[in-house]
Each structure stands twice: as structure tokens, then as C-alpha cells.
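We call the chains A, B and C, going by the order they appear; numbering starts again at 1 in every chain.
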Amino acid sequence: MKAADPPVPVPRKPGQPESGTPASPSGPPDSGPAKGTRKRRVGPLLPYLLIAPTIVALAAVFVWPLIKTVIMSFQDVGRRELWTGEAAPWVGFDQFTDIFGDGEFWDVVWRTVLFMTVCVVATMGLGLFLALSMQRMAKGVRLALTGALVAAWAMPLLVATSIFRWFADSDYGVLNMVLTKYLGLDFRGHNWWLDPKQGFLIIGAVVVWGAVPFVVITLYAALTQVPRELEEAASLDGASATGVFRFVTWPVIKPVFQMIATLSVIWDFNVFGQVFLIRGNKPEPEYNLLGTYYYEKAFESNSFSQGAAISLITVLLLSGVAVYYLRQLLKIGEVE
Amino acid sequence: MSVTAPSRGTVRPSGKSPAYRPDRKTRSRHVHNLVGVVAFVVMAFPVYWLVISALRPNNEIRSYDQTLWPSSFTLDNFQRAVDMPNFGSAIQSSLIICGTSVLGGMLLSTIAAFAIARFQFIGRKAFMMILLAVQLLPPTAMLIPIYIQLNELGGLNQYWGVIVLYLVSSLPFATWMIRGFVVNIPKELEESAMVDGCSRMGAFWRVILPLLAPGLAAASIFSLINAWNEYLLAYIVLQDNDKYTLNVWLMNFTTSRGTDYGALMAASTLIAIPVVVFFMFVQKNMASGLTSGAVKG
Amino acid sequence: MKRKLIAAIGIAGMMFSVAACGGGDSESAKDPKDRKGDLTVWLMTDAQSTWPELVKQANTEFNKKYPGVKVKIQYQQWSDKTKKLDAALAGDSFPDVVELGNTETMTYILNGALGEIDAKKYDNSDTWISGLKDTCSYEGKLYCVPYYAGARVAIYNKPMFKAATGSDALPETETALTKALDKVQKKYGKKDKAFSALYLPGRYWYAAMSYVAAYGGKIAEYDESAKKWKATLSSPEAQEGIQHFVDLVKKYNHGDQTKDEQDHANVMANEKAGLIYGNGWEAGSVIDPAANGNPKLKDKIGTGAMPGPNGKTLPSFIGGSDLATISKSKNQDLGEYWISLFTNEKSEAALAAKNILPNNTKQLEPLKSKPETAPIANAVPDAWFTPIAPGWAAVEKKETLELMLLDILKGKSVEEATKAADKEIDGLINEAS
């Protein structure tokens, strides 16, 4: 924020440790508005009126579909039932036992977890590194980088994926050309998709490339709010660079970092388009992630019930992360 | 942190204080500049490729002798892109749908954010949980149930059907982010405004809203990118060809006989321009917006 | 007593609503001039880009009889059309007429989505190309109308053949062809390691199955006694065909052998291939600048019948499109009428004039003597088609055949790979999908 921004009297510092948690190197709770007076009990209906439109909108779009998904997962709904309205037979937990008993499903789950972990670690690591580095860059370099990040972020998925697909093409791809011509390796005609490890390297690159702008820009903003004086004082006191980061910088950006990481986990867990498009709308079995596996079951194998069951399982798997996410949020929410 | 609490503006890493550790600083400055240049190249290269592909003759795009610079430039691809039927109506649809869903989303999320930031009420926690839980639902998995729901509501082949879907999909994130800004605004400001004779709504509009601007900017760019680049829901819900949005229209370049990549790249370049412009416009606000919002949960 | 009454009212109500549903009859009994409303037609984008005047003509004709009905043409995109149709059929906003690829129809027929068709209402229905008609028929009933067909032919670079062999005509037997290919490879492959005299991608299963058909093999056969489909890729004939295909790939394809046929036109346009075995229209894509083609190759690309094993022409897969009405539609009669106009002799003649194969053999005849269309038109009578089995769509979506070919290229023996594929196909082909 610039100094010219609207006056915010005694802005609360981000990363302020929540009251009750042991303080890192920061002062006492700031002298901002005393907590407790923040919330007040006014006309008890007003807050409900304020959230009503949101509730109505969410309910209108999600409630019945969600119930429908749960119902479908205990039935056997195919195209015929979907189209003709014929009653679908109830099958109890069959869909779930089928899925859990399917070896391919577990392969897909592990692959998804692994892929998600690698992507999130790479995205967050690169993002943090770049954001830290950006603070120390010349202004021109920083502006150019920001521009590139912004343009990358705005590119439609379909187009970005097409371009990465060309890059990695075996016959006319720039990647093979560069490796062969400039690095002297024999990558002529090399197919990156035959070995899923290499293939996922490319898909991971699309995912990470697409996610890094959001992370860098956000973390960079968080970093601008770390008091420079503290960093300097710490390093004059003889703290190493890692020490400064650990005790001064990290506590400030931690909440932001956690939030982005959590969102990244959710987004990367549900990756669909990147895999689907880059494999020409027909990913091979060894390229299936949960997102594409769901799609295959529901639309291609004509079992919308299996698809529904898989999506519920996905939600359950993700809710582990969600609990963490919620706790973070509610913890912060508590002290407001 | 209260040590000499500088205003946030002055702690920008301007590098204007080379007074201490001069050697280490310049050396590390060079290293960081190098990192910046490398990162710039990596991030910008696909973007560069998009623009350059749009400008080169169509048969060179997938040529076996890739060159980093085209042998010649042509605007043919742009011509074919613009000549594709329904370009005009697609621009109109995209503007209507994205504009309305972003504005509507901002309105709903601001008042909801205001409620959860300023009031303690029963069900507040539950509401926040719902906001987060909604984000866990895998989007493709909900396709058919949501379609059926929209069918019941009569929103098929209607702009508002798509608008509602886009609005709802960005609501949780926007609400969460704006809430962080509302809690940052001291309620004294609001109260003093009310003492001056403003109603609560008046206080909101005149005092709070301006302070929310960065948060709104941040949330709106997210919603805009979501809506602008969405394809599948729009394609399935909208049926008349002249109601298609730009991203659906983009698919016209693929027929059973293959894809006209030159025109596709040219069209995507054109489509990306408004987003980039909007982005550049609010980017500064957004960076700070994101942080404040996120930090406060 | 009361309960009975309610039940009676309920039944009466049901009967009433049944009658209301049958309202289509009373509707179709109306004077055509009094019919109102919309007729929604889903056509693929090809009609918009390549033969828009045909659509206009059909609509004008249609409105002569039904002036009050508005025909709404909605162009669909290949990538996600079936997803959209699947969703639309689950709601109330479905089209009245829909275009389907001839490999897609079975799924919709089996699940009761398409309305029955009366062949008598259509021009030339007695000579419909069987590869298309078969995809519309199920248990003796007809559910869609053939629209246009496509066949695969040899597409080659004439100057290259001329320079290497002294003749720019395509050899007529496979022995002569391989000799010519060797010469082309020798001449152009020397300085360019990525040059393929014959660019035959390894996952191109339509081509592989053409060789299977050439040796008399089949993908699957219907066993009358067991009332079941059974995959027969591991039969000696089929194995021979697959081996033949794989040998050609390994010998002549010097690009990435594990691709599918999507890059055909691009490879030709880049002059990285002397010959491809592709769809008839791909010859046009090679030179069309709007299709990533290379305009410099204009007049240099020739087409011909692809020579196959045993001195015969290679049997082609017959592709194409069909048109159908939706069974839930209240305007099925209007839909049928519109389709009959859109596929009548005049319309099909207009398609034939664009070098697209018409839906019937009668109008195909003249194309056989036209040089540009002779190869595709001649490919029709011996063409083969995928099994008309309930679960075939699932086999295609699982990419069983593509992955089988990939395994062979990676080193698996043909026998092993075909047996594995048979097993997988047997598990899918009898289940409706």
C-alpha cells in the first residue's frame, strides 16, 4: 500500500500473533480498537438479512445438487435413467464398495496425492523464493516480472495447455529442439508422454506455471509489510540470513502462506483441464488423476452414480485439508 | 512491531538505504536481478509464444524447424479470428455475464463480509464453514446435478443462469477476502460518521466502502478471471449461438477437420487484452488487498 | 373409501397426463399452416463453415410448408458436444434434431434418446450407404438418417514421387508402392532424418484395422448361439493384419511412431512425408492456410486408392454423420420433415459438389468417375465399420485398440497384445453404454 492510500488509523499489522499465542518478536497487542467492542449485538435480524442473499444464492445452486449427488451415489443411474426419468434402482453401498475394491482407484488416489504434493511444494517454494527475491530486485526487473506474471495469469487454460503441448511435441516441439540443438543431447523425436514420469513433469509445469503468479504476487505483498527495521536490527545483531527469515520474516507472512497453500492443495487436487487437454481429450489410464477418473466413470462409462460416489470420496479426502483450513480460519475468527 | 511503527508506505523495498553492508548488498542485488530475469523469461515465454504464433503464417506454427522469431509477420490470423461468426455477440455476452456476475458478487460478498466481521450472531461460524466447504466440491463432478437444478429454475439458455453460477463460484473467496478488510477498519470511524447524522447505510457507503476499495479490487479480479476464462458451464447452459461467451466462441476454431491454430491464438490474444488491462489497472490495489484480507482470515 | 377415491383421481389424472403427452398426435394432425413454435436443430460447426447455404435452403423449404415454425439452428462443437447433449437430455431444454457422428449413435439409441424414423420419408433411403445405415439400426428399427460419409485414401506429394520414381502416379499394388516408398525414402530421407516416405502413426487404429480387414479379420463377431459379441483380434487373420501394419510403421515412419493421426496434415504440409493414409478431405487441409496448411503445395498433392495386401485396395473405415430426432421431442414429425429436406437428393448433390460423399450409393456413382473424388467414392463399397455392438462406444473410449498398438510398438508381441485386447473388449462390448 502506498502512503497515499486512504488513511487507516493505526493499521493493524498483518501477522500479528493472535492474542493468547506466545508472542514472536513483536510488541504487545496493538492499540487498535479494543477487541470485544468490535462485535455488538444489534437488531438481531440485521446480520441475517445481510448474509441472506449469499445463503440464498449458494443454496439455490448447491443444496439440491449436493443432495442429488448423495442420493445418486446410492443408486445406479446411467444415461437411460437420467434421460427418461425412469426410477433408478437402489444399490446401497455398492458403488462405494466397487470403487474401493478397484485397484485402479487406489492407484489414481496415490497418483493424485503425489502429484498434488509435488505441485503444491513446487508452487509454494518457487513462489516464496521469487517473492523474496523480488524485494531485492532493481525496480525495472521487478516491474517486468510482475507484467509477465500478470499476463501468464490471464491466459485461458485451453490456450496455455495447447502451447505447452506444442513445446513438448516429439516432432516439432521447441523443448526437444532446444535440448538437441543447444545442449547437445539427442532428444530428436523424443516422446515425453510414453513415460508418465516425464509426462507428469510437463503437466506439472503447466500447473505450476499457471499457479505461481497468484502465489508470488500475494506473498510479495505480504513481504512488503515486514518491517525493514526489524530485519536490519536482527542482522546487525549477527543473525544469519536464515535466522532473519525464520524469526522476523516468516512469522509475518505465515498466515498468508498457509492460506495460499491450503487453496493450492484444493485446486491441485481437483486438476482436470490440464491433464485432459494436454492428452488430446483422451488421457491414457496412467495419466488419470481423480478429476479425469471421475469424468471417465461418469460420462464415458455411463455410470453417473459411480461418478457421484467418486466426487463424494474426493470431498471426504479433501476435508482433511479443509479441517485444517477451517481451524485456521475459525481460530482467527474467534479473536476478532 | 510497534517499534517506530513506520507507515507501510515507507517500508517498501526501495533499496534506498545502501548505507550499511554496501558490498554484500550490491552483489546480492545482482544475483536477485539475475533471478528476476530468469523468472521473467520462464513466465513470459508461453505468453510470447501465444502472441508470436498469432502473428506468424499459419503453417509455421507447427513447423518442424521451430524458430524463436517468425520469418514473416501477418495479420491474416487476426482477420480470420475477427471474421468468425458471432464475434460481436460473444463480446457482448462476455461483457454482460462477467460484468454482472462480478458486480453482483462484489455486492453480495461485501454485505455478507460486513455481517460476519461486525456482528456476533448465532450461525456465524456455520456460515463461514459453508463458505469454505463449498470450495471443496469438484467442479466437473457437479456438472449434471447443477444443470438439472438450473433447468428447474428456468435458467437454461439465459444469461442469468450463467451469471448466477459464476457469481456463486466466486462468492466464498470474495466474502472471505473482503471480510479481512472490514475487520481492519476501526468501527470508531463508522460510529463517528453515524454521530454526524449518517444512517448505518450512509456510514457504510461514505466511510467504509472507500476503505474497502483495495479488497474489492482484489476480489473482483479473481471473479473476473474465473468468469472470463470459464468455458464448460457456459457452453452447456447457453444454447443459442449468439449467446455464447468469448471462451465458448473460441472453440469454433476447432472443427472435425482440425484446429485453425493461427486464428485460435489470434483470438485468444484479443480476448486476453481486456483482462490484462483490468489487471494492470487494479494490480497495485490487489497486492495489498490480498494480504490484508488473508492475514485477517 | 376415501383412499380409493384418491387413487381413482390419481389414475384419472395419470391418464389425463398420458393423453397430454400423446398430444404430439393432435399437434401433428393440425394444419401445417397453424403449427407454431420452434424447431431446434443441433448441427456440427462443419455445416456452418463449409456448407451454410445448404442449411439455409433446407430452412426456406421447411418454412414453405410450416410458415409458423421457427427453425433454430444451434451449431455445436466437437470437443464437448456429447457432454452438452447428455446434460440437455436430462432437462427440458433439449434439441428436436441432432447430428451425431456415426460412432456415437449407438449410445443414444440404446438409452432410448432417439425417436424412431420412417425410412420411406427420405430420398434414396433404399440405397443408403450401409456403413451409415447400420449405425442407425437397432433390432430391426431405424433411429437416424445418414447425412454424409467419409472414407480414407492415400494422399501423396506428387513432385516427390516424380523425382524419386520418375512417375507422379500412385502405384497400384502394394509391392510397387513399397518399392516406390523405398526410393522416396532414399532420396529425401538422406538429408532429413525426420522424413517419412509413408507417415503412418503407430496409434492410428483405423489404419491398423483396415489391414486386419484386408486379411479377412474382424475386431469382433456376433455369436448367434450365445447371443453375445466376442472379440476376434487374436485370430490368425487379424494378427497378420496388425503385424503388417506395425511393420509398415516401423519401416517408414521416421517421426515419432507413437502418435495418433492428428498430425497427418501438418506432416504433409511441412513436407516431412511422401504419403499419408488419411481422410479424403485432408488433401485439402494440407494446402489450406486456414487449416495450418501450406499454400505452396497447391496442385502438388494427389490422392489415390491406397494399395493393400494381396494385390487389393486397402479397405477403408467408413466414417460419417447421421441426423436424428429426439424421442422426448413434441416436434418429431417436424424434425423428420426438416431432416428429409436437409438430406434430400438436391442437398446431397450439393454436398457431393463439395467433394463430400453423399449418403447414398446412387449419387455416389457419378463421383466414381470424377478424378478428385474417385478414390474416396471407390473406397465405399469395400469399406468396413466398427462392430455395431451395445458396448462398442466404451471400447473406443477406453482406447483399447490404440493402447494395444502402443504396447506392440513398445515391444510386446502381437499375439500377447491381441489376446489382452480381446479380453478387455469382451468385458466391455456386451454391456450397453
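Throughout what follows, a residue touches a chain if its C-beta (ideal position, glycine included) is under 8 Å from a C-beta of that chain, and two chains touch if they have at least 3 such contacts.
This is a predicted model, so every value here is computed, not measured.
Participant: Does A-C or A-B have the larger number of C-beta pairs in contact?
Facilitator: By number of C-beta pairs in contact, A-B is the larger.
Participant: Among all other chains, pick the one whose mean CA position is farthest from the mean CA position of chain B.
Facilitator: Relative to chain B, the chain with the farthest C-alpha centre is C.
Participant: Quick check: how many Å separate the C-alpha centres of chain A and chain C?
Facilitator: 41
Participant: So what's the Cα centroid distance for chain A and chain B, whole Å?
Facilitator: Taking the average C-alpha coordinate of chain A and of chain B, the gap between them is 15 Å.
Participant: Among the residues of chain C, pick out those that touch two or more other chains and give their numbers.
Facilitator: Within chain C, the residues that touch at least two other chains are 79, 83, 86, 90, 194, 262-263, 266, 270, 272.
Participant: Find every residue in chain A that makes contact with two or more other chains and list them.
Facilitator: 82, 171-172
Participant: List, in ascending order, every residue of chain B touching at least 2 other chains.
Facilitator: As it turns out, chain B has residues touching two or more other chains at 61-64, 144, 148, 261.
Participant: Report the residues of chain C in contact with chain B in the complex, numbered from low to high.
Facilitator: Within the complex, chain C touches chain B at residues 40, 44-46, 48-49, 72-75, 77-80, 83-84, 86-88, 90-93, 194, 262-263, 265-266, 269-270, 272, 281-282, 285, 289-295.
Participant: Could you please specify the touching residues of chain A with respect to chain C in the complex?
Facilitator: 78-80, 82-84, 170-172, 188-189, 191, 193-194, 280-282, 284-285, 296, 299-302
Participant: Taking the touch rule as given, give the residues of chain C at its contact with chain A in the complex, in rising order.
Facilitator: Going by the criterion above, the answer is residues 79, 82-83, 86, 89-90, 107, 110-113, 193-194, 254-256, 258-260, 262-263, 266-267, 270, 272, 328, 394, 397-399, 403, 410, 432-433.
Participant: Using the touch rule from the top, collect the residues of chain B that touch chain C in their complex.
Facilitator: 57-59, 61-64, 76, 80, 85, 143-144, 147-148, 150-151, 156-157, 232, 235-236, 239-241, 251-252, 254-263
Participant: Spell out the residues on chain B that touch chain A in their complex, using ranges where they run on.
Facilitator: That would be residues 1-13, 15, 17, 20, 28-29, 32-33, 35-37, 39-40, 42-44, 46-47, 49-50, 53, 61-64, 66, 108-109, 111-112, 114-121, 123-125, 127-130, 132-142, 144-146, 148-149, 152-153, 164-165, 167-168, 171, 175-176, 183-189, 210-211, 213-214, 225, 229, 231, 247, 250, 261, 264-265, 268, 271-272, 275-276, 279-280, 283-284, 286-288, 290-292, 294-297 of chain B.
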